[in-house]
């Protein structure tokens, strides 16, 4: 494929995140969105109508379409591994939302089945593409802070998701923290070898009890060379979506800090320099990173260069989640060698 | 016209700002960009090819096109008044880049000629649409700072434009400060009645001497009720495009401050909390305001509601520039009643 | 005098500012506060008792005291010039609160009378000694911002002083702006040659009308080389004492910004990163500068080195105030050559 | 004792921290520093000379002095418990630098021996008195952030102490983290019941190996109700002494952030809004808290009110350090019930 050509993509899944991806695909100058599929036809019809593209009758129709180069998988989590395998079998490139699967065994099976695949498979770890996070990492790589010593990741959602969300999300560590586990690996530059986790039910204890899930958590990850990473998570932050990454090194520090919606600051007899609360949630906060994710994928498809967030990255993040659950249960640091 | 219909627009002028508008018009869901014109055909052809729209052979062809509802005028300044008049004669709505003309008499003639026009005529004072500036003004209107006492406008370009730019720009006050004069009026909420100006040649004195222009300036505007507004301008700011508006009131203050490209902050043995320099220039810094400007215009065309930046706003800003030049010459506060 | 010796100082004036100076003199390791005088004996007695020093019966007793090296004059303004002259006659060093006198003629006479004085005479322009302001100026001197182009001074009191204060203060420009005129000269590095001023009555118009004074003002000062300085003043700032200095140069900018009382920031669903209002007023905000002022004076007395804020600095600041009043009256830029 | 009377205090220990305390005691208006002792007589003589107070020949002389109300213990750690016991036996109030002892058994014995003591015993946890930290805690107590969920404590020294310091400091957790353990308890408002710790040798591995100590550490503390606290420590921070406390609650967040030495911000083509590195170390950074600590102690002595940092607080912080060492060794969360 020549770089100047358009990359032809089909979208599987037309829910909230799928709709966002449809918009982003349409806005990309090198992408042609060929068609969409959703198990709920009215949803796919609506997205298709909006963008003037075809509706596929089934996933099989998608994978059988010789016109398309790639699929973007934004369907329910239990379908991800199957669709990745089908796409690989049909020689399509894949951009798949995280997680690959909630079950690490299934992920490992999928990994075996796609061995030798020559087309790009990219995981939806959009935060890697955030300009601020990326610039922080680049500053570190450029030697601005010397050797890395500590990583502090603050990651808090603005508000509790609805109950139905929890029921299929697979638990806080696999659903929410998985992004932070990935960022931890991305920033540490070497694999975490031990994981400690603790979690609480502080925001809605009755619901969390009933669902056997958590709303507030802290983690410590360490590497063989002694680098340390702390993650803190909360399902609510009254002041908006809180996304901060701090890298402490031998000769300096770099922080990718929150940003306010615009530059207004208020002053009164009560406050000074008061900004607005942060962007409400990921679609607004990570708009640039979702765009850059598509762009990176398109370049990988066009050039067959390595993707910036791989299937293996998706598998490793899930392994960290598994280690964290074991740590939570046994109240100890869990070695990654204990995890399949 | 029903709100659901598309607004059909032709673009006159395919230079840098025209190309930006073409992109923004294309991205707007309620706009159909019908065609483009530029006196330099390769320029119009390139924009037309990029967006798949027609090339008009002449401005007359544009105004004669019964298909279009509106024109966006982004041609050279000397054509603005003629094109506004032609558009009004052809019953088209107009979005015209500032200034209307460099000559206030010509502007006044144009004003006479378009009296009674029933279609929206909007001036390209994009900064009114900036979310931060708008939120600052809204906070004031909402009573957050009580009565307004002082406005401080800091407005500095990142770097000197090329010499050719100056030759047709009409002088610093009419070209650069005109935006700040407009923002002063927008924020003061009443007409400035006296203007004081001073200007220097500090950045490139030889070129400024030769062109009889200035690169560094300060202004004080006052209103009959005693409100005060300071503007400072510079043609260079090493740290990027500097755009700040401060509103001091009886019970508080609100500032629309600069924003950095992303939230990275650096720390070393020399610095702490160091952000990146600001966005390089207006296309990046005011991206949201240019989008909102188009959106506001489209709503005005569709509903015939008043525009948010009118022909009269364009005329008043130019009157302030004229008063400022007289003040500079005579080293005194010039009453606006002295200006035609 | 050897550097190791104590400098023996008498204090004239035990009002609010005098009491503060008494505390600061006592705290200085190289100063011995010998005694105090106030026209209102209970005031001097109280300060004397607090610090265990003598009460002088009259100013003459102070100047006749052979034990003391220096006097700190913090009495009412109309006494300043007389006391400076008496101190010089008695061969005492002087640290005198600003202004020298409200009447420029009187200041000029005083200047003539003290010609040839060999002991340090320092004016109480404490802001020159503020660590932030000083560091900003030093950065400029060190070439960090290249040639200076613009100075922006924001200087707003937290609240209107009581009516009685205005009656003896000599008018806003001589009382309040005089500090900013001094800072303008300190930062510009060359004399302002033209002054433009405007002033309003926005906070308490009835009282200002009655007193023929102003509560809100703006100024523009220029130098022969084209450097520009803007000052804005307000007698109220709901968010605390607002003291900012901005230096724009060819290759950068340095700002001496406000500081909050401590580093607490608040976050809620309404605000983010909200600091406390600024320090209430000058005794708190400029604590470090008042201390450094004393220290600088003591070093000047001990070494006979030049003071950092001289009698001539006091005279020039008053000349700028006079020029500003003329500008306000005649609505024009006033050349400094017009002022005696 | 009446509140108006002076509190008479003797100082034991004239090293760096003792000298600082001597200065602060002298500056306090209600304190009379009666005399000083140091095992190294030239040190005590120097401090005595500087402040004009007596030198005690021995600790016994101090405790036998009927004139004094209280002792401030700033001697080497191994003497603390003995001196506390002696002071209590002599019916003196005590302000003792942390830690009480490096050995928890010794602390527990001391606790038994001073049971029934009626005079104030205050521990030198100065950070509790920092205006920013205190205001953050007060905001939480006032309900500004609702129920507390997470505490994040960032605590990093600017630079590695000299080797000799480590040899007697008792290990990073007992020497450095002990302040953070205390702040954790102070902010959590309930006792941590489980502790997880990890530590590395990243800054000077050879020296840390030799001394069996650490230079980089992370901790997670949890309470029975599920509140979580993270602490991160480093022995170097190139950008200065880094002291931040973040309190996340149900309805908001409050942060006690770092402060720069003054308000200067720099702007160039490389950086914007760049502050200076933070204050170098604790004597500068916590100046206000050391002053307030003395003030609080004096009020406790004068009124016999409870101290704000008690012997028991000192013991509990040491128990947390012990738990952290056990956690580090066994790589598990250690229950506080396991610690004596």
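Letters A, B, C and D mark the chains as written, and numbering starts fresh at 1 in each.
Here, a contact is a pair of C-beta atoms (placed from the backbone, for glycine too) under 8 Å apart; a residue touches a chain by one contact, two chains touch by 3 or more.
Treat the numbers as computed from the prediction; the structure is a model and nothing was measured.
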Going by the stated contact rule, which chains contact chain A and chain D alike? B, C
If I average the CA coordinates per chain, which chain comes out farthest from chain B? D
Whole-Å distance, C-alpha centre of chain C to that of chain D, is 40
Express in whole angstrom the distance between the two chain centres, defined as the mean CA positions of chain A and chain C. 58
Would you please write down the residue numbers of chain D that are in contact with two or more other chains? 145, 238-239, 251-253, 258, 266-269, 276
Applying the document's contact rule, which stretches of chain A touch chain B when the two form their complex? 27, 130-132, 135-136, 139, 144-145, 251-259, 261-269, 276
Touching chain A in the complex, chain C uses residues 238-240, 258, 260, 266-278
In the complex formed with chain C, which residues of chain B make contact? 145, 147, 149-150, 152, 154, 156, 194, 196, 198, 200-203, 216-218, 220, 222, 226-228, 230, 232, 234, 236-239, 242, 248, 250-253, 330-333
